[in-house]
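Below are structures written as structure tokens.
Here come two complexes built around chain A, the first alongside chain B, the second alongside chain C.
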Partner chain A sequence: MADQLNHNKSWLEGLWDLLDRHFKLLAVLPAAILLLALTVYPLLELFHMSTLKISFSNAEMVREPAFWDNLTKLFDDWIYRRALVNTLIFVAVSTSVEMVLGFALALAVSELVRGRGLVRTAMLLPILIPPVAIGNIWRLMYNPEFGVINSLLAMVGLPALDLLGSTQTALLAVIIVDVWHWTPLVFLILLAGLEALPDELMEASSIDGASYIQKLVYIIIPLMWPAIMVAFIFRSIVAFKVFDQIFLLTSGGPGTSSEVVSLYVYKVFFQQNQLGYGAMLAIITIAIVCVYLGTFALMQRRMARAK
Partner chain B sequence: MVAAPWKTVAVWAFVLFALVLIVAPFLWIVSVSLKYQIQIFMAEFPFDPTWTNYDRVLFAKSSDFLRNLQNSLIVAIVSTAFVLVVGTLAAYSLAWRRWSRLFSAVFLTWTLVFNIIPPITLVGPWYLIFRELGLFNTLTALTMTHIVINLPMTIWLMMSAFGNIPRDLESAAIIDGCRRMTAFRVILLPLAAPGLIASGLLAFIFSWSEFGIALNLTAKETMTIPVAIAAYAGQYEIQHGEMAAASVLSAVPAIVLMFVGQKFIVRGLTAGSMK
Partner chain C sequence: MIDPSLKVRRNALGAAALVALMSSTAYAAEPITILINNSPWYGGFEAVVEKYEADTGNTVNIDRTPYPGVLEKARNAVRGEESPYDLVNLDNGWVVEFYSGGFLTPLTDVDPDFTLPPEVVTAGDSIYWNEELQWPTSDGGKLMAFSPNANAHLWYYRGDLIDAPPETYDDVMAACAAHHSPPDTYGAVLRGERGNPIRFAFMPHMLVHGGSILKDPKNGDFTVTFNSPENLTALNKFLEIHNECSADNPGAIGQGEMIQLVLTGKAAQAAIVVAAQAQMDNPEKSAVVGKIQFAAMPNPAGMGKRPVFGSWQMGIPHNVPDARKAAAMEFIKYFLTEETQTAYAEGGGIPVHTGVLRGPLSDQDRFRWMKPYATTAESAVQVLLYKEGAEVEQVIGLRLNQALIGEMSPEEALNTAAKEIHDILAASGRNTGQLPDL
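Right after this comes the complex of A and B.
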């Protein structure tokens, strides 16, 4: 009986059965192929490129071995070092300011009984606008002739400042934009964390007569620590990638005063057409990010073990 | 619990101050986009609004904005559709089927590593690869890169969406003779719909906004809106009003989603911290 049933199954049913048996593999395959073709292979290609000098003559690509040239260039490259230092300053300052402001704002909003939805909606604005548009908006706001920032300075009697145009303030100016751009995300993550805290704990500590500061230091911050760490790591990694806004605001200038790693790698690749040396810089940059994340992963494992 | 009234006032004052700081730059750029160049330089306020800048950005003969818009929409919609299919299937396989520990560890660690490295570092090899394939300066190439940069986020969001579904639901269906594929489509997918919407909205907005890759893989005909906006800034005589108008137009999807998809987007953005 069962045999006969199987016999009557159409070949199409059989095909479906076959596909179904291997569904686990078939489902993961497209993602695996995409990742292999567009991330793993390009990374290997990057290593290969870093040993070459690649030039174009008459639209023909010419590859010559140049590993040592690229390596010595790297050691003499003070612009890359400057870009790296600027990036680290940018990441450290913007991330810590965003953490403090975002946490303060989350604490304030969590006290509100009404209006949280409105605040949340408004805070999505900088996160969702294209970063290029943000660069544009702030470029116009910083404009020394008609920008709103100078109008405000003039109102309190201060002289006009060209924040983007001065070597001393360009990096500060792009950090201010980043703080405006990303404090809302830190706020959203930490507010979600605060809302997940058990209410009884908060009320019990109030009844015990703990002051707000005591409550903050002994209860809220320790309970919030995982969310704080996630926001911090996430923000610092995204800050390290910064490209769009600085491209629009200063292009790294004046001079190299706001040059950052991503922007410099782009310039070497596509403006100076040094694809080989650019690959060398890209690999170093990737290595730095991996070491940074690896350190956090190790620390976390050690802390988990200590508990 | 009754809070002291001065405390409530102080909290509200602080929150309102922050709201003004966040929203004001955008309102200012809207005002600039409605002014003639001369009014911008005079920092005139109040002023007679004009639609000239929008008119010129959208319909002037020298402007490619409508074509840029078309390119941006094609890339964002197609890449979002693909990343949802590919990412959801992978997330299902990793979250619901049994894989060796090594395989899932390698797979997930790799998506994490790829997500943290600056995308600009891979644009060099992408440029060479697409050149050799004859795909340089095509929307296909740009769409493929957008699928792959949104893939890690989609996989994680969908894995957590599938992770919340009780196991028994599927096993009951399988015992009843249901195929795994049917169970996936009929039972799991509808239950994971909120995650699907959140990933879809975020993937769309990220693709729409993406600049660094599009800058280097496209040329005049395939330029997307962010690249076009950056090109405005590089012109010899900068038209500030048009630049502002183009920026405001580029923010329209963001503003729509802010009000329509708020709940899903907040959930997607904060999902990482809740684990």
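Right after this comes the complex of A and C.
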């Protein structure tokens, strides 16, 4: 009897010890399970859908295997390839410009003694405007007949521009809107980083006679690097998913000059009602974003090792 | 002690009240909810709903949704357990998906005695569905919906600048030559934006030149005829109007831009759907009040008219309780009467009753669009009403746009589109073929 009690006691203590040691893990387990259920299950369903041709008959969904058909279609789909190239151009150009402008603005504002709060608030405005309103505002501004941009150009004697109507400039026009919309976010992230830099380091470098450029290159940028990377990754992921601005401004045209992956997936999925093939395109797009992020992380690691 | 006669009278009164309550319950229709797109003709529809509620005491809720959201709301409604909508309004490009998928209840299944009034426009039979043929036709097909707006193109022109309605392309080009003075005035404006806008804009030009997309799809011959010499002639004429008469950015002109150019007095002529007519005489929106006249779409000299519908169809989802289906049916019957259609027109709607379109209202200046529209609606046809229609539209909408912006020659655009349409149809197992390249 005593042996039994001792045995139970030691078993309970062991369990308690186990719970105690893994409490952090157990505490996050419910949230993790919920998160997995909400992300992994839809992803698995998307994978499954990508292997099918889905249609409707007698108000029921009809699923037929069509993995190879969908794959063949993907390899033959020149619009998707064009959309991918446009997306990569959009990501590279818009993110780079936003980073440079955002950092420059953050540096300038961090030097301000007065009015920093006012500038910060003003810079928030483009982020707060709903994308639908942004699309309409810029569509009106770009309008070759009635838009304010052409009115201003006409006032200084310059010829009218049709940025959205030309295949050469449609993507650029959308990039300009994206830069206007999202540079403030980069600015805010980097300004927060700049404000957190230790003052004594900057003062010491000034005493040592470092110029502003030297401070920027050897102190500010290296210390700011983690914040720069966060802003860059965040912006490039969101840029990969660009949809609303292009949907509202050009719908991917003229021709395919501003077609991007998200918009094309939407057209295949919702306008053409090709659910299986649309799922295949979505999976490939997710894979491309993952490869992009993986490559980026690898480069980061190599750069860190090299240092 | 209660007087027995009083007791009898009290009981009789109670019984009468009960009968009255029961009868009112039996005859009042269930409240219904309608999914409809926001549009220039919405005001007319809303006026009819208000009149229906006032006349019958029935309740109608409207979910007025911008165009891009309507399809997904309708899909979600009909694919779910029970539809929140008792009537869904569908663009003609979507109806085959809903008919062939079994998502709508035929109107005659709800009320076997119902027949469509003969004066009501059938929008090229897009409101019927022949299950066996898998084709929208009244020939052996069931009545699946009604059209709240059959919506075909009209030729809008400035009556103060152009004396006679431009009947032929020669008339159009002559008027264009006389009034094209960019950037102040454009001779004639058509839609050229990629996708549905340019595809829909091109169709009347294609048909009037004797062209087609497919040979005889109704009877199962899906041979692609999109790269025919007739279509090439049509496309060249279409591009000629765009390039010689339109704004500098024809490939980016959608319906909104085109209407804007007309309303601001910058376009002397334009091909616009009839639904936009209400804005022309609205002094809050238009700088050309009373100046816009309407004609049927132009045709080559010596050839007849061949307009195209861009119609809306409203049907009852399959997954609605019977009482609500019956209530929806009550609304449909009310909507299609001549009296209601007159009120609909007066409220800014586009009636589908030819008795109204050709009736006394059409003699009023405010309704000067009615007679040309009646002529159009009586002869217009549907295109792309097959399950691959949405994909085919994307192909045509892209290739025509590329021809317009100079990325492809007209021949190359038609040949490429024809091959791509053929591939889509072949993949669906259709009996298809192709013409030799142009």
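Everything that follows uses one rule, which is that the second predicted complex is superposed on the first by the 254 of 307 C-alpha atoms of A that agree within 3 Å, B and C clash if a C-alpha of one lies under 4 Å from a C-alpha of the other, contacts with A are read in each partner's own complex, and residues count from 1 in each chain.
The rule we apply is simple: contacts are C-beta pairs under 8 Å (C-beta built on N, C-alpha and C of every residue); 3 or more make two chains touch, one makes a residue touch a chain.
As the structure is a computational prediction, the values presented were derived from the model and not from experiment.
May I ask you to decide whether A:Phe146 touches chain B, chain C, both, or neither, giving the answer as first, second, both or neither?
A:Phe146 sits against chain B and chain C alike.
Determine, under the contact definition given at the top, whether A:Asn273 touches first (chain B), second (chain C), both, or neither.
Once the two structures are laid over each other on A, A:Asn273 reaches chain C alone.
What's your read, chain B or chain C touching more residues of chain A?
Answer, by number of touched residues of chain A: B.
Is A:Thr95 in contact with chain B, with chain C, with both, or with neither (first, second, both, neither)?
Neither chain B nor chain C is touched by A:Thr95.
Taking the superposition on A as described, I'd like to know which of chain B and chain C A:Lys24 touches: first, second, both or neither.
first
Which holds for A:Asn86: it touches chain B only (first), chain C only (second), both, or neither?
In the superposition, A:Asn86 contacts neither chain B nor chain C.
Taking the superposition on A as described, I'd like to know which of chain B and chain C A:Asn70 touches: first, second, both or neither.
Neither partner.
Both chain B and chain C contact which residues of chain A?
Common to the two interfaces on chain A: residues 61, 143, 145-146, 270.
Residue numbers of chain A touching chain C in their complex, please.
55-61, 69, 79, 143-146, 160, 162, 164-167, 250-256, 267, 270-274
Which residues of chain A touch chain B in the complex?
My answer: residues 16-17, 19-20, 23-28, 30-32, 34-35, 38-43, 45-46, 49, 54, 61, 104-105, 108-109, 111-112, 115, 117, 119-133, 135-141, 143, 145-146, 148, 151, 180, 184-185, 188-189, 192-193, 196, 203, 206, 226-227, 230-231, 234, 237, 240-241, 243-244, 247-248, 261-262, 265-266, 269-270, 275, 278-279, 282-283, 285-286, 289-290, 293.
Which residues of chain C touch chain A once you look at their complex with the stated criterion?
71-72, 78-79, 97, 100-103, 183, 193-195, 247-249, 251-253, 257, 260-261, 264, 266, 318-319, 390-391, 394, 398, 401-402, 404-405, 407, 427
Which residues of chain B touch chain A in their complex?
These residues of chain B touch chain A: 1, 3, 7-8, 11-12, 14-15, 18-19, 21-23, 25-26, 28-29, 32, 40-43, 85-87, 89-90, 92-94, 97-99, 107, 110-114, 116-129, 131, 144-145, 147-148, 151, 155, 179-181, 184, 205, 208-209, 211-212, 215-216, 225-226, 229-230, 232-233, 240, 243-244, 246-248, 250-251, 254-255, 257-259, 262, 265-266, 269-270, 272-274.
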